[in-house]
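Following this line, the structures themselves.
There are two complexes below, and they share chain A, which is joined by chain B in the first and by chain C in the second.
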Partner chain A sequence: MLPAILLSGLAVGAVYALIGVTYNVMFSASRVMSFTAGQLGMLGGVLGAAFIGVLGLPSIVGFVLTLAGCALVGVATEIIAVRPVLKSLEQHLYVLSTLALALLIQQFTAINWSTEPQPFPTLLGFRDGGVGDEKFWLPIAACAATVVGLELLYRRTLIGRAFLAIAEDNFAARALGLPERNLRMASYALAGVIGGLAGFASGQLLLAFFANGAMLNFYGFVPVALGGLGNNRGAIISGLGLGVFQQAANFTVGGVFASVAVFSVFIIVLLVAPQGLFGAPAQRRV
Partner chain B sequence: MSAVTNAPARPAAAKRGSMGMLRQLLPFLGILAAALILPAVSNDYWTLIATRAAIYWVLVSGLNLVVGFAGQLAIGWVAMLTLGAYTTSVLVLGNVTTPFPAFVALAIASAVGAVFGFIVGLPALRLRTFYFAMTTLGFATIVTQIALAWQDVTGGGIGVPGPVLPAPFDTIIGFYLFCLGVAVFCTWITANVAHSRFGRSLVAIRDADVAAESAGISKPLLLGSVFLFAGACAGFAGGLFATLQSYISPEAFTFELSVMFFISILIGGRGSILGPLIATIVLTWLPEFAAPLVVWSTFLYAALLLLIVLAVPGGIASLLDFRSRRKIEADRTIIPRPELLPEILGDRTTPGAITLKNVVLSFGGVRAIDGLDLAIEPGQVHGLIGPNGSGKTTTLNVICGFYRPEAGSVTLGTKPLAVGAPHTRAAEGIARTFQTPRLIGEASVLQNVMVGGAIRGQGSFVESLLSLPRHRRDEAMLRHDAMLALNIVGLGGLAEVRADRLQHSELRFLEIARALMLRPRFLLLDEPAAGLSVEEIRCLGLLIRAISRQGTGVLLVEHHADLIFDICDHVTVLNLGRELAAGTPAEIRVHSEVVSAYLGS
Partner chain C sequence: MKITRRGLTLGGAGLATASGLGLSAPALAQSEPIRIGWLAALTGPSSAPAIGFDRGIRHATDAINAAGGIGGRQIELVVRDTQGDPTKAVNAAQEMISRARVHAIWGPTNSGESLATTPIIGRAKMPNLHPCFVDTLIDPARYPNAFRMAPSNSQIDDAVSDYGVNILKLKKFAVVGDTTGYGTTTVNSSSAAFAKRNAEVVYRGQIDATQPDLTPDMLRMRNAGAEAITIWTVSPGLISRIMNVRATMGWDVPLIGHPAMGSGEVGQLIAKPQNWEKTYILGFKNCSYGPDGKLPGHVQTFVDSIQGKINLDDSTLWWIVCGVDAINVIASAVRESGGTDPLKMIDFWNKQNPYPGLYASYTWTPQQHNGLPQSDLVMSEANSQRQGAYKLAPGYV
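Entry: the complex of A and B
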């Protein structure tokens, strides 16, 4: 029993963590929290099921196309919903523009795909439903790969360092001559890839379902809030923890109370430590 | 040359006021007339659609104060509708308790909505926009899940029958007229709040929260009241919704519905009542316009939202706001009338000086204020000068309670001023202006000034809701004093103009007018002369001087040495957070260190 809870918890948690990272990557580049993060995860599952399951493409081709599609959606987010409002003095406009875009994506999927959860094809052939089932291991592997990949990107490559510079101090980075706009678009493409990967890897676990977007939006945001904005390590740890906590509550007290428990923890932590468990408080400007 | 100087004669103002009132009311009366005619000229189907619109408006009108006025992004307000619907249905059905009469159940649903509205709203006091949006969204999800799972009470996925109102409200037309009546009532009370000090304070919290705090507006109290109210409206709407549906299940309360409420307000325009009303009617009616649109309705709402955000951030209300497009005179001169000051600043007691003793404050490793002593005496102008970064504004912020000093004390008379509590300063009679004017661009000049007197009102939130006598007295008093303050600073002719159409120098004088609304015993001015012309600086000097002669202690943070030396009784020179010199202007002018460090020879 315990290993099963732990495994499914880590698997779900890995998805939440990856959506959290998706939020963070977009936030770091633009100081914008985008409602499209969860939709990218949803699209990963739906596109994967469409390419491989419906069109019958080979898994690897479907995988690449899915990520490319999500990257495109990421860039579109930047162009349509983020760039036009960045100039505006109204700080909250981005909440509305990204919410609108997220709803457009969700409704479009609901109408053109299906309003019912659709099956996601088996990728590797391990479908026994037990601890060896690939539906648990794929999200965990995706999460691990993302952690390693981001670490390499940020530490070893020039473009990764440029991302960090933009995240650290936008104005200073621009003064140094960094192409801020292109880097921002690249960040959104990267966020699209990570979100898409999360959705693709969890396709068998969460199915290809249009409503996953809204669900992931919330459960993916919890790790960001707990871990602190822009803090990827915090998001990964909090995400995995959230998944295990949720599954444990699921098994012990039942689904509804698990949701209530997650929500309560989320609210309490936010009220006690608005900057997150791993973040530092910001000085107020008067 | 100028049409700005003289106050309009009273009768003319009163006449214009009632005309303006009528013009504002006209669209509402038109919509009401159309709503009353509708059942006579169409069939039951359209009456039901109109009933639905009325019910949605009951919810949206309350939510409008939260989203449109206070600027809180509550996107999951459908949760309150759900709670209200289930509470009413379950109480009337009597599967848990003995059956309740429908109207009692509606009242209880309203109370339940209010309580949960308050609970969900509380995090808004600490959380930023996106965070708060997410908490309301999470709450909405959970309410639906509970409705699904708590089968004994809610019937789970199958649902429960909705209540039936007693005669004469049990027919389609009777119920429609009842809902319409409630909607009219909600429009009236939200309009009352919108045009009260509470409504203006909400907008101030949204657009200029630091200024709102300095005006003594208590954010927790105000937002708490509004969340209670919006929850009550939504709970009541929920009961009506259950009656209309005649059978409710969790599926009826989708997130799409929540989004529709939210989007109605934004499409309608923030800070407006007519705009969201029109938007609610249109969005309710839109899917009926053509059958294929039903599937695409949420897609359409979202597209509309994106369009509004990107193209018309002011929404329908800004399109209908013809008055703000009228030209205002370009060649304007500010001519203050300090001789009116005794009317607003007369007969107050002065409690002694504001005294800073050995105040220390550092940001990280930098000591912004390093052991400062300062005394601001009533009736005197105290100048605070020094190079950039010498701690002038920081000192002002310590006095105003925005910064907590690490050591030292700030006292008023003999009483210490509470640290880190900026909203308590207004009650002590301490008013201030800001280096960059903090004003509500969308509100009129007069409304901006009235915000400054928010704490002088006597009536409660409920009295404002129902427009009781005390509320009306408050409004008359605030309006009169605000007009007076505007005439004093020389902006009387611009009272009805939107604040964001003013020139920069006018904004500086506007901030002083707003500060005067507190009838301040102390007035702290943060670089009031920045960006002013020579003539305007002269007027400003006369005005500040006149204010201090009424017994108000003035702290003047400035870079214009001429202004400082002209009008100050006492000058303190800061350098690196410490006092470099202090004395009369004549002494400072010849102080060798000051001359070499700051003034130049």
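Entry: the complex of A and C
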């Protein structure tokens, strides 16, 4: 059973890592910590189950529609909850606006979908419950694909470099003529796609459940804090580590004590390295 | 004092009016409807039971009214949707007592709301029946007006532990619940019930209902030597994950406990239908199919009579028949006590030993307001639901 436990830890960790990357992509473009990241993950599972399981669409069509739906929610987040508060970032109003939107999404899903978890359809047919089960491999594969995809996007494409430019210094990027608002919206759409992918790939593991949003918001934030804000590689490594550690804690101490163990380690790490394990200390010009 | 013609006229008119009102009051009381307050969580996440109870309540009310009512008085339901919210339930109870002037209250149907409304209904000395499980809701000294028509949590713990120890003949149990207040308290009380029967609780704990993989927890239970797992949660996600992991591990351990393990949602979430086998839930003797595939005679007759009138497939039979019983118990109190005097109605209920209902044969005395006898609580096969009822679990004759 040990390989299954490790594999399931890596799978859950991959989901946390992807939600962490979702946080980071939104943060890089706007300097806003958007608490809709977990809800995008939840929507990925719910929309996938709705398109494929309920409407009976082919898996690939359901997959594309799910990502498109989550991208739209990402853009809506930028327009509704982020853009209006960008001028007063120092007041941290985005905490309220993004949390409010997250709650709105969660309640809307509960009312229109279900308050009970619903099944997510099998995509490839590998459902033995053991190490070969696709519910473990799909999130890991989605995480790997995202890492490769983001590397290619940021290093090999013009738009990717433009994303990096506004993440680095949006005033300078604007001065160079980059369309900052459009790039920010594109970043939020990209975050929607990554969050949706996390939810879709983990649908069989987490089920299509409206309450997953809050859980993913919570555990997805841990890799961001551990890996360093805006650091995708840090988020991926921390997310995977978190998943494995959580499963190990479930096995050794069990139940609610596992959560205590996870957050104890989280607090200790932040006390030792406040900038995160992979983040550089913030420099301030004086 | 000078008596004027105007004064004499006004005084005479007043006297005549007062006399008329006084004379007509008994007639009015005898013809006014019997108002029954129904505190129902008809919408919201915990609405399923109330929707089931409502079907039975409306069926019984319509049947009594169609037969001419009680002593010529029709039953009028005063329904308020509490949405499962204790604050709304309190407001609705107060409004029923002071403005709608109901004669008895049925409900609320979940313990959270009932904990809030019971003292208020008690202060008004309003006859109150409810199907809530929390033990402290029934206390004849503090709430002489409140009567329970369902099992208490202690009775449920006793039924489940008795099945595990005395019928399945097992000695070592894992007791798990979710991380809600209900899960936490029930794990404690259930463990105590096993200990009372000299069984060993080798593992106990809470599991977050959203935890994606339960393999580590199940391994801990198996390593501890558990021969059965007792589960206390209403979360279909958690229940189905336990069933799926049990199958993956190839662990042939029985699951016993909460009726939610028999819900249709669980059936949708399990990986294979076989994963639902060897799972036994709390049930009720009158709402269980015997070896002949039939319900007890009087319940089977009722179910046959409502075919096509009440949908049983998307609800639970005990909710519906308990709703029928609630109206009949109130109607009997009015009929036998000769009216809607609250003290006389309560006095009638205190003398029922037993009151033969569809859901159970209720016994109430001035000292005991838990109506359900322990012998009416049985265990059922979780995957055997048909028309809202389940098959008796193995071990019952």
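To be clear about the criterion, the second predicted complex is superposed on the first by the 280 of 286 C-alpha atoms of A that agree within 3 Å, B and C clash if a C-alpha of one lies under 4 Å from a C-alpha of the other, contacts with A are read in each partner's own complex, and residues count from 1 in each chain.
Definition applied: a contact is a pair of C-beta atoms (placed from the backbone, for glycine too) under 8 Å apart; a residue touches a chain by one contact, two chains touch by 3 or more.
Here the structure is a predicted model, which is why all the values come from computation and not from measurement.
K.L.:
Put chain B and chain C onto chain A via the superposition and say whether they clash or fit.
P.N.:
clash
K.L.:
Pick one for A:251: touches chain B only (first), chain C only (second), both, or neither.
P.N.:
second
K.L.:
First (chain B), second (chain C), both or neither: which does A:127 touch?
P.N.:
After superposition on chain A, A:127 lies in contact with chain C alone.
K.L.:
Is chain A touched at more residues by chain B or by chain C?
P.N.:
Ranking chain B and chain C by residues of chain A touched puts B first.
K.L.:
Check the residue A:119 against both partner chains and state whether it touches chain B (first), chain C (second), both, or neither.
P.N.:
second
K.L.:
Considering only the touch criterion stated at the top, classify A:206 as touching first (chain B), second (chain C), both, or neither.
P.N.:
After superposing on A, A:206 lies in contact with chain C but is clear of chain B.
K.L.:
When the two structures are overlaid on chain A, which partner does A:107 contact: first (chain B), second (chain C), both, or neither?
P.N.:
Once the two structures are laid over each other on A, A:107 reaches chain B alone.
K.L.:
Touching A:144 in the superposition: chain B (first), chain C (second), both, neither?
P.N.:
Neither partner.
K.L.:
After superposition on the shared chain, which partner residues are touched by A:259: those of chain B (first), chain C (second), both, or neither?
P.N.:
After superposition on chain A, A:259 lies in contact with both partners, chain B and chain C.
K.L.:
Contacts for A:5 in the overlay, against chain B (first) and chain C (second): which applies, first, second, both or neither?
P.N.:
After superposing on A, A:5 lies in contact with chain C but is clear of chain B.
K.L.:
Quick check on the output: what are the common chain A residues between the chain B footprint and the chain C footprint?
P.N.:
Chain A residues touching both partners: 215, 254-256, 259.
K.L.:
Give the list of chain A residues in touch with chain C in this complex.
P.N.:
Residue positions touching the partner: 1, 4-5, 8, 11-12, 110, 115-119, 127-130, 202, 205-207, 209, 211-212, 215, 247, 250-251, 254-256, 259.
K.L.:
Using the touch rule from the top, collect the residues of chain B that touch chain A in their complex.
P.N.:
Where chain B meets chain A, its residues are 71, 73, 75, 123, 126-131, 133-135, 137-139, 141-142, 145-146, 148-150, 210, 255, 259, 266, 295-296, 298-299, 301-303, 305-306, 309-310, 313, 363, 397, 402-403.
K.L.:
Which residues of chain C touch chain A in their complex?
P.N.:
Within the complex, chain C touches chain A at residues 45, 176, 179, 205-213, 215-217, 219-220, 235-237, 244-245, 247-249, 265, 268-269, 271.
K.L.:
Can you list the chain A residues touching chain B in their complex?
P.N.:
Within the complex, chain A touches chain B at residues 33, 80-81, 84-85, 88, 90-93, 95-97, 99-101, 103-104, 107-108, 111, 214-215, 217-218, 221, 225, 254-256, 259-260, 263, 266-267, 270-271, 274, 283-284, 286.
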